[in-house]
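My questions all concern the structure below.
A, B, C and D label the chains in the order they appear, each numbered from 1.
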Amino acid sequence: MAKTHKEWEKPLTELDEGIVRLKEFARRETDPEKRSELELRIADLEVRRNRYIQVMYSNLGPWEKVLVARAEKRPYSLDYIQSIFSNFIELDGDRRFGADHAIVGGPAELDGRPVMVVGHQKGRNIQERQFRNFGMAKPEGYRKAIRLFDMAERFRLPVVTFIDTPAADPGVESEGRGISEAIAACMAKMFSLSVPSVSIIIGEGGSGGAIGIACGSKVLMQEHAIYSVIPPEGCAAILWRAPERGADAAKALRLTAQSALESQLIDVIIAEPMGGAHRDAPEAISLVREALVAAMKEMKGQNSDEIRENRYLRFRSMGQFSSG
Amino acid sequence: MLQRQPDSTLFRRPRRSSRPSEPTANLHPGILYPLSMKAPTRMEAFLQCVNCKKTIFSIDFEQSLRVCPYCGHHHRITAELRIQYTFDEGSFAEMDSDLRSVDPLQFPEYAEKLQVAVAKVGRNDGVMSGTARIDEMAVAIAVADFSFMGGSMGAVAGEKVTRTLERALQLRVPAIIFCASGGARMQEGLFSLMQMAKTTAAAERLAEAGIPYFSVFTDPTMAGVLASYASVADVIICEPKALIGFAGARVSKQAGVGKVPDDFQTAEYVMHHGMIDRVVARREMRSVLTGLVRTLGHHLRVA
Amino acid sequence: MAKTHKEWEKPLTELDEGIVRLKEFARRETDPEKRSELELRIADLEVRRNRYIQVMYSNLGPWEKVLVARAEKRPYSLDYIQSIFSNFIELDGDRRFGADHAIVGGPAELDGRPVMVVGHQKGRNIQERQFRNFGMAKPEGYRKAIRLFDMAERFRLPVVTFIDTPAADPGVESEGRGISEAIAACMAKMFSLSVPSVSIIIGEGGSGGAIGIACGSKVLMQEHAIYSVIPPEGCAAILWRAPERGADAAKALRLTAQSALESQLIDVIIAEPMGGAHRDAPEAISLVREALVAAMKEMKGQNSDEIRENRYLRFRSMGQFSSG
Amino acid sequence: MLQRQPDSTLFRRPRRSSRPSEPTANLHPGILYPLSMKAPTRMEAFLQCVNCKKTIFSIDFEQSLRVCPYCGHHHRITAELRIQYTFDEGSFAEMDSDLRSVDPLQFPEYAEKLQVAVAKVGRNDGVMSGTARIDEMAVAIAVADFSFMGGSMGAVAGEKVTRTLERALQLRVPAIIFCASGGARMQEGLFSLMQMAKTTAAAERLAEAGIPYFSVFTDPTMAGVLASYASVADVIICEPKALIGFAGARVSKQAGVGKVPDDFQTAEYVMHHGMIDRVVARREMRSVLTGLVRTLGHHLRVA
């Protein structure tokens, strides 16, 4: 059982590297015959590679989804924000205590119309990851989001949130500054909005850290993203005292986009390019953009009361129980 | 989720003291009441404080509202007792008691655990909800019971809390919620996470309508419950020494670079950090809540 | 020039103590003749003492006002709150960072009608003074006040604030958590209220720390309280590089209630008992209560819009300049 | 109040370097422009950066918007230059320039100081206000000038800021205020303290009406101005290295038990502490403000 996306994709990475190497050989080869032979081998390898991707990705199990959702190469919020919107102006600060780099946000334009964008942000290398606190927001991050949502409300900007976090920061200092209150207040703020809002789960939808900014009128989820009340490893640790049984827990938790849609806890699954969002970021971004525009369009014409009421009813309906 | 398993046993048999000088153990050689959060039926029984380990005569214990007369430890109590201690006698009208958890994910062992909890506690869920009166003023209430699967919030608990807040809105009376929970109910997966959003949305509606909502944190109030409806109340009261926190203390300590204070995640700690309004002893709870309903709910009664 | 109220009142204190000592002698004296002689002396001393008080207090200069306003024995906010109101329920916490004991507050009842009370609180002994941070509120104090004002608005409670602070806390940590933002936001919140509000300056009205919670619909000020943009010592330090010239600065700053009323920056002066509020606290409290009830009465019948508009126009008019 | 007297001299004559290897001093043996915040009229003049002390050719200096090309130091500039740098050419219509300070307290030396300031700066007060356009979008603006009595806020500055915010409300256009102030104007006593309340009240009205208000902190923005209208803006931008604080650094250091960081009360410090949205170089200021007016003020233009 692979533990990381890198490990799991290793055969594919090797194929990719082999193709690159052969292409380099072919480029340098002067003998036309040998060159065409090399090119044939390349084409063959590419077919095999694509077939391999197809096999790997067309039927991802829950644990593989966990690995893909956490993949380092996966596009992060700022990748989407910078490509989908124009004139993004990052704003910062909770006006209380500090700047938080695990949540980014600010106004931007979507097809020339202003929106307010907020999203978790992970880092790609060690420095960046520390700077972004591994995408784990502190109270300041949620309070910054509240400020931005407040502006969105007063200035009539639709809200778009990108969710990609393993969890909210669980540290002692975040506890002392009220991480619980911050998450709760952030959700409350999202429910108070009379402008339409769209939340898009693009990677890890990790527990309270995720739902804190995921209370959109519409909730979209990428094909290989995950959304869970607890990390599968943590669940396995509680359930079987065996954190290594994350794969079993992933299955039990039904943390895939497909399960979430089936349970009607999300509205739309956004397709990813074959091989996952990281294999073709521009395509992944374009698919997200399309889905976002469609979701916005669906809400066009709703007045403030309808927007609030529909959002309330949407979340109000969540949860299965029997009665009588 | 419940990341730190708080001690769920309320009473323990006292360890036999090897020191004959320990007075309480020798002075009251009576029957020690077994592990339970229910009121003892035999009033001559003796109990042992889970904190100071002293033996307490059960009548004294009941009269002190299950607060240890020696060390002041507030023992966990059932939802029924809480209602009895807090609201006007006979005023509680229970609602939604028919709601029952289902097993939407077919989660390992969940159905069995639920069955055991229902049998043990004698109710369908940890949360009891309905309407009541406090010093003759009407309120909508929900009271959580930690003994039911650690008070974890699944769809039923979420629904009951939501209905309580909606009921307060509809009746235009203050809402009072006693919290006791290890967090979200993992076994209901994403459904349980969504209860955070659902309950908070209902609390927000109440706030916008100008209707006060008071929450009381009892031992323990953690994670998904703390990070949702519990924390958006207008006034937050906490029982002394209650465990209050987002992440399990172990997780927090691993994650943080800062020093972990001795009283980390206690009622006193969150008070010091500005997260709650007051630490209130159980004995004073009714009077403080009465005062809050009287003053902050005044506009609802005159209108 | 006395530096403290204690020093300034020393002759008076000696007289008081002399009277107490004589009374003790008289109580123990068995010889009726000697006793009546003592009683005569006591009566004489009391007359002299009262005349002395009259002389001291009937024409206080600005600097003496500073000393009286800062007097340790002067009633503090909680003294007024606990006597004027019933069922005061102290609430605490900014829900962000910490508890602040330099500002207290919560709902209470005035003649059976609920109000929201907020006030600076100083301490009387060393421990208390440290606990109260000398009445210098940190950002948390102002943010708690904002929370309480917010409840007052939503639950339709009139607001009463008591002002008694040398200044807002100027420490490095308060700076880091945004003491400026906290004061500004607190003022903004007070102006947003559609319930009537009364601010009462009962001791030191010290600069930004004071105005932060002094934006009431009506501003009342006790006879010997002071209200200033800068502490007189600080002003003297800047103006003459001589902090010891506080008395001159006090005069220049016109920080008395009488000057403030003349400039129409406050609405009412509340009389103090002869010898200052500290000489007869019950009487001082009763005078404040009376003034508060009268101020509330004046606003009865104003609707939400009028309350907001009147408060805005009241402060809008402050400031003298020439034009054209 | 101004508790820490920031350096009010913008340009100093370079100390004659004893090291002949220092290139800039020797390469440009031109005329050094005297102390002033006004633009030099003789374009061949040389100036000296107050921070790195390097000599700058005045044309370069003007082209770099008075930011040192060597060390990036943002020199203090006049309100006129600020307007010229930021808003559409010729779009500024000044208003309320006739407002003049009186001396309501007959405060020692105030009348004389005022006279000197008016003569030096050539205006009645440090704040210039009116309407302007930024990338063709209408805005209401106020721009403070530190050179006028340290930008201190008396009744005139308070009135101009208040009118600017009211003008934004009336015209339904965004408000932009450039701050530069040592604090309240002590010489106007309680009148100046009340300007904090007055300006903040106007900002609150604007916020409630859903009209955006942007404030820009320039060096220095302190005390009574920082603790009032400056800090309640929707978006706060700050020039690099600007001095931003409530109390004078000396007072803070005396009062605090905590360590004083090296960058205490700088733009970067308040950014790190979540108090402002961005540190923006002067060169980018116009474009950032344009973006903010375009997005956050969009609803005003379509309605």
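Criterion: contacts are C-beta pairs under 8 Å (C-beta built on N, C-alpha and C of every residue); 3 or more make two chains touch, one makes a residue touch a chain.
The structure displayed is predicted, hence computed values, not measured ones.
Note: the chain lying farthest from subunit A is C, by mean C-alpha position.
Remark: subunit A and subunit C have CA centroids separated by 55 Å (rounded to whole angstrom).
Rounded to whole angstrom units, the spacing between the C-alpha centres of subunit A and subunit B is 35.
For the pair subunit B and subunit D, the distance between mean C-alpha positions equals 54 Å.
For subunit A, residues that reach two or more other chains under the stated contact definition are 95-97, 176-178, 181, 185.
Multi-chain contact residues of subunit B (touching two or more other chains): 207, 231, 273-275.
Taken as a graph of touching chains, this assembly has some other topology, since it is neither a line, a ring, a star nor fully connected. The set of touching chain pairs reads A-B, A-C, A-D, B-C, C-D, using the touch definition from the header. Residues 1-3, 96, 98-102, 104-105, 107-109, 154-156, 158-159, 162, 184, 186, 188-198, 200-205, 207-208, 223-224, 226-232, 245-247, 251-253, 255-261, 264-265, 269, 273-275 of subunit D are the ones touching subunit C in the complex. Within the complex formed with subunit C, the residues of subunit A that make contact are 95-97, 139, 143, 176-178, 181, 185. Considering their complex, residues 87, 89-100, 106-109, 113-114, 140, 144, 151, 154-157 of subunit C touch subunit B.
By the touch criterion given at the top, residues 207, 210, 212, 231, 234-236, 271-278, 288, 291-292, 294-299 of subunit D touch subunit A in their complex. Every residue of subunit C that touches subunit D in the complex is listed here, in rising order: 168-181, 183-185, 187-188, 191-192, 207-208, 210-212, 214-215, 227-230, 234-235, 238-239, 252-255, 259-260, 263, 265, 311-312, 315-316, 318-324.
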